[in-house]
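One structure is given below, encoded as C-alpha cells.
Going by the order they are written in, the chains are A, B, C and D; count residues from 1 in each one.
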Amino acid sequence: MKLHEYQAKELFQKAGIPVPKGRLLTSRDKLGSVLEEVPGPPWVIKAQVHAGGRGKGGGVRLVKGQGEAAEAVAELLEKPLVTPQTTAEGVIVHQLLVEEGVDIDKEFYLGMTVDRKLACPTMIFSPSGGMEIEEVAKQSPDLIFKEPVNPATGWMPYQARNLIYKLSQVPGGSTVKELSSTMKKIYDLFVANDCSLLEINPLVITKQGSVIALDAKMTIDDNALYRHKDLAQLDDPREKDPLEVLAEAASLNYIRLNGNIGAMVNGAGLAMATMDVIKLAGAEPANFLDVGGGASEEMITKGFEIILKDERVRAILINIFGGILRCDVLARGVLEAAKKTDIDVPLIVRLEGTNVEEGRKILEESDLDFLVARDMAEAAELVAKEVKRQG
Amino acid sequence: MKLHEYQAKELFQKAGIPVPKGRLLTSRDKLGSVLEEVPGPPWVIKAQVHAGGRGKGGGVRLVKGQGEAAEAVAELLEKPLVTPQTTAEGVIVHQLLVEEGVDIDKEFYLGMTVDRKLACPTMIFSPSGGMEIEEVAKQSPDLIFKEPVNPATGWMPYQARNLIYKLSQVPGGSTVKELSSTMKKIYDLFVANDCSLLEINPLVITKQGSVIALDAKMTIDDNALYRHKDLAQLDDPREKDPLEVLAEAASLNYIRLNGNIGAMVNGAGLAMATMDVIKLAGAEPANFLDVGGGASEEMITKGFEIILKDERVRAILINIFGGILRCDVLARGVLEAAKKTDIDVPLIVRLEGTNVEEGRKILEESDLDFLVARDMAEAAELVAKEVKRQG
Amino acid sequence: MSILVDENSRVVVQGITGREGTFHTQQMLAYGTNVVAGVTPGKGGQKVQGVPVMNRVAEAVEMEGANVSCIFVPAAFAPDAVMEAAAAGIRVIVCITEGIPVLDMVRVANFVKEKGAMLIGPNCPGIISPGKTKVGIMPGHIHRQGSMGVISRSGTLTYEVVDQLTKSDLGQSTCIGIGGDPIIGTSFIDHLRLFKEDPQTEGVVLIGEIGGTAEEEAAEYIRAEFNKPVLAFIAGRTAPPGRRMGHAGAIISGGQGRAEDKIEALQAVGITVVLNLAELGDTAKQIMAGQ
Amino acid sequence: MSILVDENSRVVVQGITGREGTFHTQQMLAYGTNVVAGVTPGKGGQKVQGVPVMNRVAEAVEMEGANVSCIFVPAAFAPDAVMEAAAAGIRVIVCITEGIPVLDMVRVANFVKEKGAMLIGPNCPGIISPGKTKVGIMPGHIHRQGSMGVISRSGTLTYEVVDQLTKSDLGQSTCIGIGGDPIIGTSFIDHLRLFKEDPQTEGVVLIGEIGGTAEEEAAEYIRAEFNKPVLAFIAGRTAPPGRRMGHAGAIISGGQGRAEDKIEALQAVGITVVLNLAELGDTAKQIMAGQ
C-alpha cells in the first residue's frame, strides 16, 4: 500500500525527521488561508498522486507569489496529471501539498528497502539526489552506497559513518550528526511501520547546514497491514482502478491491464504464464486475475463479474489447474456469474486437475456457450483464433 | 545494583505484570492508614532488605488482624534482621511492604538471567516455586525448564509453550495465556532495564486461576546504569557497608570482608589472588580492593584512606604489578594518604612492573615505615609473620 | 534417492486442527505420507484423521521422531510456528502459509539458517517425492516417480509443468515449490546443490517468475557448478512494472526483476528457456532424449 | 609461529585520539607493533604518533590492509566499534574497553561470530606474541619469546604469571587476556584449539577466576582433545558468594562459579592446579622439564 507524500511526511515529523512546513490543500477556496500558514513565498505546490515521475509531468510547481500559486492550483487541482508512469489519460489530482521553499545547498538520495538476496533491510544513500535512483544505478553505480542491516542488532551508528564518510565532500560535524540521526530514524520508521520501501529523494542539506526531507515515499507491506490499522486507514482508493478496488474487497488478486482478453486463473504464476500465452498468441491480456488456491464459488462468481465489467474485454479465457481449488467449484461459480450478467463475448475454458471431469460435466450440461481447450496450447490457439476472427 | 522488592513490583505493575495490592511502610505511625488502603486481613508484611533468605530470618509475616500487624511492625521496623546471607549482626530494616494476602493454588518459579555460555538471556521456569532455585537444581534438576532467547528474534510465543506444556499438570486455557503473557513481559522488562537477574519466586496461580507475582527480585547491570538514570536513583546506600559507599564514590572496586589484613592491589584478578595468598599464609583478608588499571594518585590515596578507616585492619599489603598504573604514581598516592592519616599498622609493599625502580625509590626516600617484599612469595611470608607476631 | 523428503520422512503437521490442516493431512495420508503427529497448542491429546495432536513440536520430535514439518498456521502465527519447528530440531520445514509480513521473514529466515534447518516457502505448495511422500498441497495424482527435479516459485504453474512432464513420460524425483514471497527460506541454488548430488535426478526444470534476481543467481551457479541438463520457464513476460502480480515477490521494481533479464541470464549460460509454456513438456522430452 | 597475531599483523587502533588510545599506540609502536592506522570518526586526516587517522575502519582495511583491531573506545560506543571492525572484515578484534553492558555484548558476540571474526575481550589487556607484536596494554618488557601459551581472564594477574614464567626461563608463544566480563568474544577453548595446532607452543598456562563455568568447559575440552601439558591457576578461592569481585564476570551466583569447583574439575582431568600463586613459575618449570 502506497502512502501519499503528505501522509508519509506526517509520520516523518512524528519520528523527528525534519520536513518543510506545509499544509494540505483539497479545495481552491482554502488557498488563501493555507498560504497564510505556510512560510513563504516562495512556495512549492505538489500534486499528491501515487504515480511516479510527478515532477516530469508538471505536478510540482515552484511559485513566487499568491498569483502564481492560484494559477498552479487552478491548473492542477481536480485536473488529470499525466506522468511517465500513468496512462495517457493521466490520473486526477485531488489533493495538493503546499510547502515552504527551502534554500538547497546539496541534494542526496536516502532510501530503505528489503534486500531479497541478503534477507534484510538495506539502507541506500547517494550524493546524486533528485535523480531517479534507477538512473543513478545505471549511470554511476559507484555513487550508490549500501548498508544492509543485521536484524539482530538493528541499525548501528557505524553504518551511518560508512555511508556518510564515503562522500567525496564530507559535510560539517553537526550536519554529519543530523544525517546520522536521520538514518537511524528512517530505519526505526521502516521497521515500526512494516515498510517495503521508504524513500527520501531528495534529502537536502540547506544553506544553513540543516538536513531536511524534501520528498517522502512510503510503501507499506500489504501482508503486515493487519497489525497497522492506523496505516490501513490512510489507503486512498481514488488512486486505484475501480475494478481493482472491487477485486480487493473480494480478496481477489486482480490487476487491470491494457489488452482485451479477460483471464481468470488460479495461482499467480499460472495467471502470469496465461497472460504470456495470450500475448504469444498475438492478443493482449485485459487483466491479471488470480482467484487463489482456495477460492470459493462466490469468489469465482465475483471474479467473473469483474472481468465482465471491463467493457474492453473481447474474449475470456478461464485457465484452471485444480489443486485445492476444485474444478467443480470453479464451474458452479462461473454459471452463477452467467446467471447475473449477460456474457456477450466468447468464453474459452481450460480445466485440469482435481475434479476435472465433474467440472467439465457441469459446464457442458449448462446452457452456457463456451469453447473447451484441452491444454494450454489449445487455449492459446483458440484465443488467437478469436482475436483474428474479431480482427 | 539490586532493587528492593517494592521497587521491582512498581516496575512490574507498569509493565502489566500483576502483583498483590500493597503499600510501603516506613514509619510505625502510618500503619493504620496503610492497612486501610491495602485489602485484608489477612496481610503480609515483608522486610525490604537486599539480603536473601529473608523468609528464613523471619522477615516475612502473615498477619490476621491489626493487632498482629502492629506486633510484626514493632518487631521488624528499624530492627536488625539476621538471615543466612547477612552477618551475625544482621541488617537494619528501614522499610516494610504491606500487601494483601493471596489465595494460592500453585506456586512457580519464574526467572531470567544471562546464560554466559550461550551468550543470551535465558528464561527459567519451575513448578517448584517458593524454594530456592539452587536447591531445586540440586534436588530435582528435571523440574527446571529453560528457554534461551535468540537476541535477533526476542522472546517468541512458542518458548512460553515449551515451558508451560512441560508441566505435568497443565493449567486451564486462560491461565496458560496469562502465564505466557507474563513471560513475554518479563523478557521485555529484563531487556528494557538491562537486568542481570530478574526473579519471581513464587509466581502463583490463585484459586481463581489468575497469575500473580508474589515476590520480585531485580538486579540491574551496573555497567548499564549510565543509560538508566531513573533506575540509578533507586539505589539504597543504607543496604551497603559505609566503606563500600565511600569507595563507590571514588570509583574504586572495594568489598569489605571479615578478616584483618587490608589489601590494595591493581587489577581484579591479582586482587583476588592476593586475598588467596593472604589466606594461604594463615591470615584473613579484610577487604578486596582493586584500584584499577588506570588509577590516579588521588584514587590511590582514597583507597589507602578507606583501608585505614577499617578499624579491624591489623596489617596492610600493597601488591602492585605496574602496567598502565605506574609504580611511581602508586608510591606518591600512598605517601599522600600517609600525610593525612596516621598509619599505625605494619605496611608490606610489593611493587613490580612499569617504573618499579622509581616507585621503590620514592617510598624508600620517604619517612614511611614499611617492609619491602620482592615477590608474591615474600609478600605472603611477611604477612604471615605479622599475623604470628601480633598473635 | 530424491532430495529432502522420502519414504523415511516422519511428518508433523502444524495447525492440524484447522480447516486446511485437517483437509491436507487427509490428502497426505491418502498419498501415503507418514504423518506421525499434529500440533495445535492447547489441543494436545486429540486425534485428527487418526493422527495424535500435541501441544508442542518438541513433543512430536521426542515422542514420534518427527523430522519434517508441514505448516498450515495463519500468517500472524506462522513465524512463531516456523521458529518452533527449527528450535525443536526439525531439519526440513515446509511452510504453506501465505501472507507473512516481509520483516517477519527477515527474522525467521536468519533464525532457521542459524539452526541449520531448511525452510521451504512460505507461500508455497510444498514438496513431493513422487511415489514416496508428499508434504504439501499439490495434487498428488499428476506426479509420477522419475528422474526430473522441479524447482518452482509458483504453485499451480508447477502443477501445469508437472502434468506436462508426466504426460511426456518424464517422471519426477522431487518437486519443490520454493514459494512466491520476496524472502523465502531456500533458493533455487540450495536445491540445485542437492539435485546435483542426487543420483535419481537426471535433469532439472526451473520455474521462475518476475521479481528479484534469484533466477540470475541460479544461472550463475549452474554455469559454475551444475552438470545436469536444465530447462527453464519464466512467468510474467507481459507483467507491468511496479505491480505486485499475486505473489508478494512477483514485482518488477527499481528496474530489477524483469522476465527478459532473467531469460537472457539463463540463455547466456546455455540453459534452454521455454517461451511458450504449452511446449514445456515436449521440449523437456527432447532435451532429456538428447542426453 | 604463535597464534592470532604475529609480525604480519597490521593493527588499526580504534579510538586512537583518546588519552588511552594515544598512550598505548605509542607503547605498541615502541614494542615494534605495526600500527598502520587509527580510527576516530570525524578526525580523519590527522596523525597520532605518526599514524594516519581515518574516519572508518573500512578505510583502514582498504587503504592500509589492517587485519587486527585494538579498541580503546568508551563503553557506550565500544559495541558499535567492535561491530564496525567485524563488518569491515577485521578477523582479530581486541577490545580493551571495560564496562560494556552485558546485553550489548549479547548482540556483539553473536554479530562477531556471524561475521567469522575472533573477538578478544572486552575488558581485557589484549594479546601479545612476544618478540613479534603486542596488541594491547600489557607491559611488553616482562615478556620473552618462547614456548608457553598463556590464556587468562585477568589483566595484572597475567603480568604476574608472565613475569614468573620469564624469570623461570619459560618464554611465551602468545599471551591472551580473554577478558573479565560475563560475556566475552572468545573462551579458553577457542584459544586452546589454536595452541593445539601451533608448533611453537609446547605448554599452556590457564588463568581462571570465580564466576561462570568456562574453566570447567576448558577442562572437559582438554580431557577430550588437548595434548600438551596444561598448568592452571584459579583466583578467588577466598571470594564471598554473591559479590562482584572487580570484574563484572567474577561473581559466584546461584551456586555456580566457585573456585573449588573449577579447581576440582581441572584436577579431575589431570591438570596441575597451582594453589599458591607465588609458586607458579617454579611449578611450570618442573612440568615443562618433565616433558
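Everything below uses one rule, namely that a contact is a pair of C-beta atoms (placed from the backbone, for glycine too) under 8 Å apart; a residue touches a chain by one contact, two chains touch by 3 or more.
Since this is a predicted model, take the numbers as computed values, not measurements.
A.B. asks: Using C-alpha centroids, which chain lies at the maximum separation from chain A?
C.D. replies: Result for max centroid distance from chain A is chain B.
A.B. asks: Counting C-beta pairs in contact, does B-D beat A-D or the other way around?
C.D. replies: B-D
A.B. asks: Return the distance between the CA-based centres of chain A and chain C, expressed in whole Å.
C.D. replies: The mean C-alpha positions of chain A and chain C differ by 28 Å.
A.B. asks: Averaged over CA atoms, how far is the centre of chain C from the centre of chain D? Could you give it in whole Å?
C.D. replies: Computed value for the inter-centroid distance: 47 Å.
A.B. asks: CA centre of chain A versus CA centre of chain D: separation in Å?
C.D. replies: Measuring from centre to centre gives 54 Å for this pair.
A.B. asks: By the touch rule stated above, which residues of chain C touch at least two different other chains?
C.D. replies: 107, 110
A.B. asks: For chain A, which residues are shared contacts with two or more other chains?
C.D. replies: Within chain A, the residues that touch at least two other chains are 150-152.
A.B. asks: If every chain is a node and every touching pair an edge, decide which shape results: line, ring, star, complete or other.
C.D. replies: Drawn as a graph, the chains match no named shape, so other.
A.B. asks: Considering every pair of chains, which are in touch?
C.D. replies: Touching chain pairs, listed by label, are A-B, A-C, A-D, B-C, B-D.
A.B. asks: Please give the residue numbers of chain A that touch chain C in the complex, ascending.
C.D. replies: Counting only chain A, the residues touching chain C are 52, 85, 113-114, 116-117, 119-121, 133-134, 137-138, 151-152, 191, 194, 196-197, 221-224, 226-227, 253, 255, 257, 265-273, 275-280, 284-285, 288, 290, 293-294, 321-324, 352-354, 375-377, 379-380.
A.B. asks: Can you tell me which positions in chain D touch chain A when the two form their complex?
C.D. replies: Against chain A, the touching part of chain D is residues 41-42, 44, 55-59, 77, 80-81, 83-84, 87, 107, 110-111, 114.
A.B. asks: Under the stated contact criterion, what part of chain B meets chain A in this complex?
C.D. replies: Touch residues, chain B against chain A: 150-152.
A.B. asks: Note which residues of chain D are touching chain B in the complex, please.
C.D. replies: 20, 75-76, 98-107, 109-110, 125, 137-139, 142, 152-160, 163, 180, 182-183, 207, 209-214, 217, 233, 235-240, 242-250, 253-255, 275-279
A.B. asks: So in the complex, which bits of chain B are touching chain C?
C.D. replies: 150, 152-153, 156-159, 161-162, 165, 170, 173, 176
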